[in-house]
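The structure under discussion appears below in the form of structure tokens.
Every chain is named by a letter (A, B, C and D) in the order it is written, and numbering of its residues begins at 1.
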Amino acid sequence: MSSETNEKVLLELIKVSKQFGGIQAVEDFDLKIQKGDLHCLIGPNGAGKTTVFKLITGQYPVSSGRIKFKGKDITSMSASKRARIGMSIKMQVPGVFEELTLRENIRIAAGNYTNAADLDAETERLIKLVKLDTIGNPPVRNMSHGQQQWLEIAMALSSNPEILLLDEPAAGMGPEETAFTADLVNELNAQGLTILFIEHDMDFVKQIARNVTVLHYGKKFAEGTVEEISNNPAVKQIYLGNV
Amino acid sequence: MSYLYQFCNNFSFLILSAIGLSIIFGMMGIINLAHGEFIMLGAYITTFLATAGVPLPVAILIGALGTGVFGFLIDRLIISHLYNRPLDSVVATWGISLIMCQGMRILFGSSIPGTSTPLGSFSIGDGKYSVYRILLAVIALLVVVAVYFIFMHTKIGLHARATMQNSSIASSMGVNSNKMYALTFAFGSALAGFCGGLYAPTMSITPDIGSNFMMESFVTVIVGGTNPLVGTVLSGGVLGLVRSFLEMNMGTFAGRVGLLVVAILFIRLVPKGFSGLVDNIRKKMEVKKHAKN
Amino acid sequence: MRKTKMQFSLGSENIITVLLLVAGAILPFFLSTYRVSIFSYFFTSAILGLSISFIWGYTGIFSFGQAAFFGIGGYTYGILSKLFDNNALTPVALVAGVALAAAVAAILAWFMFYGGINDVFVGLITMCFTIALSTFLGQTAGSEWKIGDVSLGGFNGITKIPTLYFGSYKCDKVTFYYVTFLILAAIYIALLLLKKTKAGYSLLAIRENRTRSELFGYNVPKIQVIVFTIGGAIAGIAGVLYAAWGNYITPSNLDLSASTLVVVLVAAGGRKNPTAALIFTIAYSIIANTLSSSGSQYALVILGLILILVILFVPNGIITAAFDGIDSAWRKFTGKKTESEGGETA
Amino acid sequence: MRWKKLMAASAMLIAAALTFTACGSTGANESGSSDSDTIKIAVLEDTSGDNSLVGVQKYHGAQLAIEEINESGGILGKQVEMIFSDCQSNNNVYQEMANKVILEDQVDVIMGCYTSASREAIRPIVEENNALLFYNNQYEGGVASHNVFCTGAVPEHQITTLMEGMIKEYGPKVYIIAADYNFGQISAMWVEQEIQNNGGELVGEEFIPLEVSQFSSTIANIQAAQPDVLVTLLVGTAQSSFYEQWGTSGIEGCPMASTVNIAQGYEHLRFNPPALENMYVTATYVEELDTPASNDFKDRWHAMFPDEPYIGMEAEAEYTGVYLYKAAVEKAGTTDVEAVIDALESGEISFDGPAGTVTIDGATHHAIRNVYLFKCNADHSLTLEETWEAVKPDWLSSVMGIDLRVEAPNEQYTPLD
């Protein structure tokens, strides 16, 4: 592997496997994410997508294989350390603190990266970024599902990450909210943020993704650009009735 | 032989005192701090009946039933409002235990006359052994088998297991999870009462008798984990061994503290207790089976 | 978390805070020596309650071990202050007691949290630890359990522990009251201020969702260990003050019922709110004291009943609920529109 | 808006301050008006919690004595007022209540405490305030305090006599099981010493934590050692389960010897016979003691408390303790603490009560008492086997060289030191 490609690769998974008890959730999975990419991970239910995310963020230790981030081996690094060196995630089930208010949530996330003096300003900046600056400061449980998702994206952005992982950013959203989310993701990517996301909805994938990796039974099934994948008959096959 | 006898003793004590607590903890996630007082209630009912001339086995069964009914009432009155609030239920059950213990004392004084241990003893070689103690070990096994049967082979057991796995899915399949919880609590209470009844003839009957069972039952449940069957039996077995060994060689103090140390180390190493361990092994076995096929 | 936390407002809780501090400061001018003395004892319980409020209410660590740290603090103070044989050194014994309680808490916390133990299992481990420690201390009557010429004293504990001295000045009842009161007030105010700091938010994050906090870059086990250690130190202070107050410490100060009682009281008062924990532990102490001097055998029944009723009808804690009630009644009364709806976590 | 709130706040402040002071001032007034028309006796016992089995009896003992005294004209012509606190078997409550009765109620004497731990909890408070405490209870001995008088049985009463009788009667091999705390350990040490003095042999010894209620391993160990005499120094409700388990273990012919059972916790009535068959106990009093004074005492007791399950030696000690205090005050002519202590130390304070003559030994602040050896029969009736009269509690004075009339170290000494 030449050093040139290394510099462009932000995140790399090398032969990563994960077993739970005796169940093989992910097997020999390779993945390379280039800097600036907008990459999507798709696959039917139970394919192991969320597990891959959890392996990347360090919520699960890998059973075997290596993970590299920014050229550095992070396989045995703790989740919190990974977060501090530039990896952020929005989880599948909204990982927001429902009982707290909008701003308290942001403060929790940003508090780790911002001086106390700048915390207010940073909070407002992040709220503006996801366009939640018009709704006041409600407790999060009173916010709509879409608003909670965007809030979590804002929280994930508070660390100024180099890569953002989004687990089903548009799940459970109506068409308008989905469109807004797509715009948001595109906008963030345009600003230079590398994004890796999981999605079910192929239409949504087509709207934003550039490259796609298909996961099936824990293994890499196919990989390519959006066009290549959406025209791949084998991928259509495993997705039939599953979308 | 002596070791075996000690082991049987410890094993039956741990299993019988823990199984009611374990079912309530495993199914409902509630730590019942009044567990000891439920045992006390069973012992009281049994002793009252036995001294009034009711045959002991009948008295024990009525003691268990009575405690079960009492548990059901407590569930309806108090615990049912606390499902899904396990930490609050700790506070509530602590209050219940205070009331039951002191209430019993006010009603019947600090001690009531007990009944004798039945069945006498037998001897092998130099050693003399109480028949009733052996019987207790047999009953402990029978209880385990009965609980296993109820859980695995009856409709109620099926519903209970479903509720334990995921109460919302279970209720969408038509299982009334509230009813399941109430039944579970009553069943757990009845087993506690049963334990109290069984040990009543061997102990001094006082309102604080429950505290004699508390530590052992908690440690057993901790080490066992959430599966009331597998966990309790295995941890009862292992702890029984550890304790017998320590007691015979180093005295009861070592037995008691040793039990606690084992529990602490065990949770640290196997956080989900024996239940988690067994689950993992079972999954591995299944995968191997699949691989062979 | 109360919604009013973000903007500092004149909620009833803040008023009560000021009121409590003022009341505490002037109490000795109104009360008999006995009551002043007994209040310093209640304050030690309140400090113990605050340690629970901090680790459980703030950070979500459920511990039955605070009584053990209380005991370690008390025993250390007792042993050292008697060993020193120089009463001017009692403050050193105080510091040592707190330090040892903190150290033991740190080791236990490291053992648990870096091993991935959480939630109810922390409660169970700490419970085992507490019982083991009190069982051990109970059988230390023998001559082999001596440190210097101070015997651990077994079940009877350590007696004749000197009270606090400053130089050659021996604290009388009123001075001791103010020492306890100032320590209590300092811890209490620190906890209130902490809520609004960055560190406070990180604890909140861990309480609400550990996994998520980890992914926000918080080193959760490390923070948990720090919190548990500080909690142990606070419990240790309570133990030291208790030993210095009663000149006495025994294994029964750290038995199962002592360790559950504090947890139960804080839960009933409102664990997420230090003011609530404070008020309820003191109120409970007053009620229990009154009931036992009345000689009624119904004392324990009444206490049990109070706890059950509190949990059933005011699950957020009776004091917290009272604050909310007063606040909303006040808003209605003044017709002031609320900025946002809010309330307590269930 | 803010001002309104501030006003409300100050209103609440005043209200709260009033409540605080109200609850405080009731006490303050009480203590201020300590009228000298009555003699105040505080009784601190456990009528709830784990120790109430004995605590209730002792409370009744104090009630009976005080009522009798009041009916016959009081002490120095003054009525006796009893201030009772239920200490809930909790040492912290003992401390709170001791502070209360001394500082607030300003009582003349405290009667009470059951466990040694509860006594040690309040002893510093009593000494610091130069108050007076009557500890009317059997215990492990060794308290040497200016302010504390121990009127119950101590090892000198019970163990010396017991071991002498048992080894003579049954043989030299002795096995000890004892509660693993101060009382058990110290008593066991006394037993060991007496085994030596009587030419016996210790074949086994086990200390058992107070919470233990299952004894099968202990019984197996005893069985293996085959002792001639089993000394049981078990206490508390959990450990009392031993006898039922021992009785049904099938082991025969090994008598038990105890200083604490039957006379204190009336195990012979609480368990079905024959669990305690063949147990020997040295007691300073049991209900079964068949003397005119004892029978008369029982009649009076049952007239006042018809439902009392048993009158044990601690109940008798509490009753006697009140009368000993009466005698001391009458000799001193005042309730002044120093004067009363002087009177008690004179060696002339004694009371002819249900247990025979009880005299306070001035040098040790302990009681000179009669000791009775009882045997428990198969039907759990008791037979009086032997009586030792006026046994002196002289360990503190003869072994430790302490004379409290001269100097009070205010310590508890043990043979473990």
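Structure notes:
We take it that contacts are C-beta pairs under 8 Å (C-beta built on N, C-alpha and C of every residue); 3 or more make two chains touch, one makes a residue touch a chain.
Only a predicted model underlies this, so the values are computations on that prediction, with no experimental measurement involved.
Chain pair with the most C-beta contact pairs: C-D. Farthest from chain B, judged by the mean position of CA atoms in each chain, is A.
Each chain gets one centre point, the mean of its Cα atoms, and the points for chain A and chain B are 46 Å apart.
Work out the mean CA point of chain B and of chain C, and you get 32 Å between them. Per-chain Cα centroids separate chain A from chain C by 42 Å. Taking each chain's centre as the mean of its C-alpha atoms, chain B lies 37 Å from chain D. For chain D, the set of residues touching two or more other chains reads 48-49, 180, 207, 209, 211. Touching of two or more other chains is recorded for residues 135, 139, 297, 299-300 of chain C.
Not a single residue position of chain A touches two or more of the other chains. Interface of chain C with chain D (complex): residues 10, 15-16, 18-19, 22-23, 26-27, 30-35, 37-38, 41, 135, 138-139, 141-143, 151, 153-157, 159-161, 246-248, 250, 252-253, 286, 288-289, 292-293, 295-297, 299-300, 330, 334, 336.
Residue ranges on chain C touching chain B, taken from their complex, read 62, 111-112, 115-117, 120-121, 123-125, 127-129, 131-132, 135-136, 139, 256, 260, 263-264, 267-268, 297-301, 303-308, 310-312, 315, 346. Contact residues on chain D toward chain C in their complex (touch as defined above): 1-2, 4-6, 8-9, 12-13, 16-17, 20-21, 23-25, 27-28, 31, 47-49, 84-88, 90-93, 95-97, 99-100, 102-104, 115-117, 120-121, 123-125, 128, 180-183, 185-186, 207, 209-211, 410-412, 414, 416-417.
Interface residues of chain A, counted against chain C in their complex, comprise 57, 59, 78-81, 83-84, 88-89, 91, 95-101, 103-104, 107-109, 111-113, 116, 119, 136-139, 142, 155, 158-159. Contacts from chain D toward chain B in the complex involve residues 48-50, 52-53, 56, 180, 206-209, 211-214, 216-218, 220-221, 223-224, 237-238, 240-241, 244-245, 247-251, 267, 269-273, 275, 307, 309.
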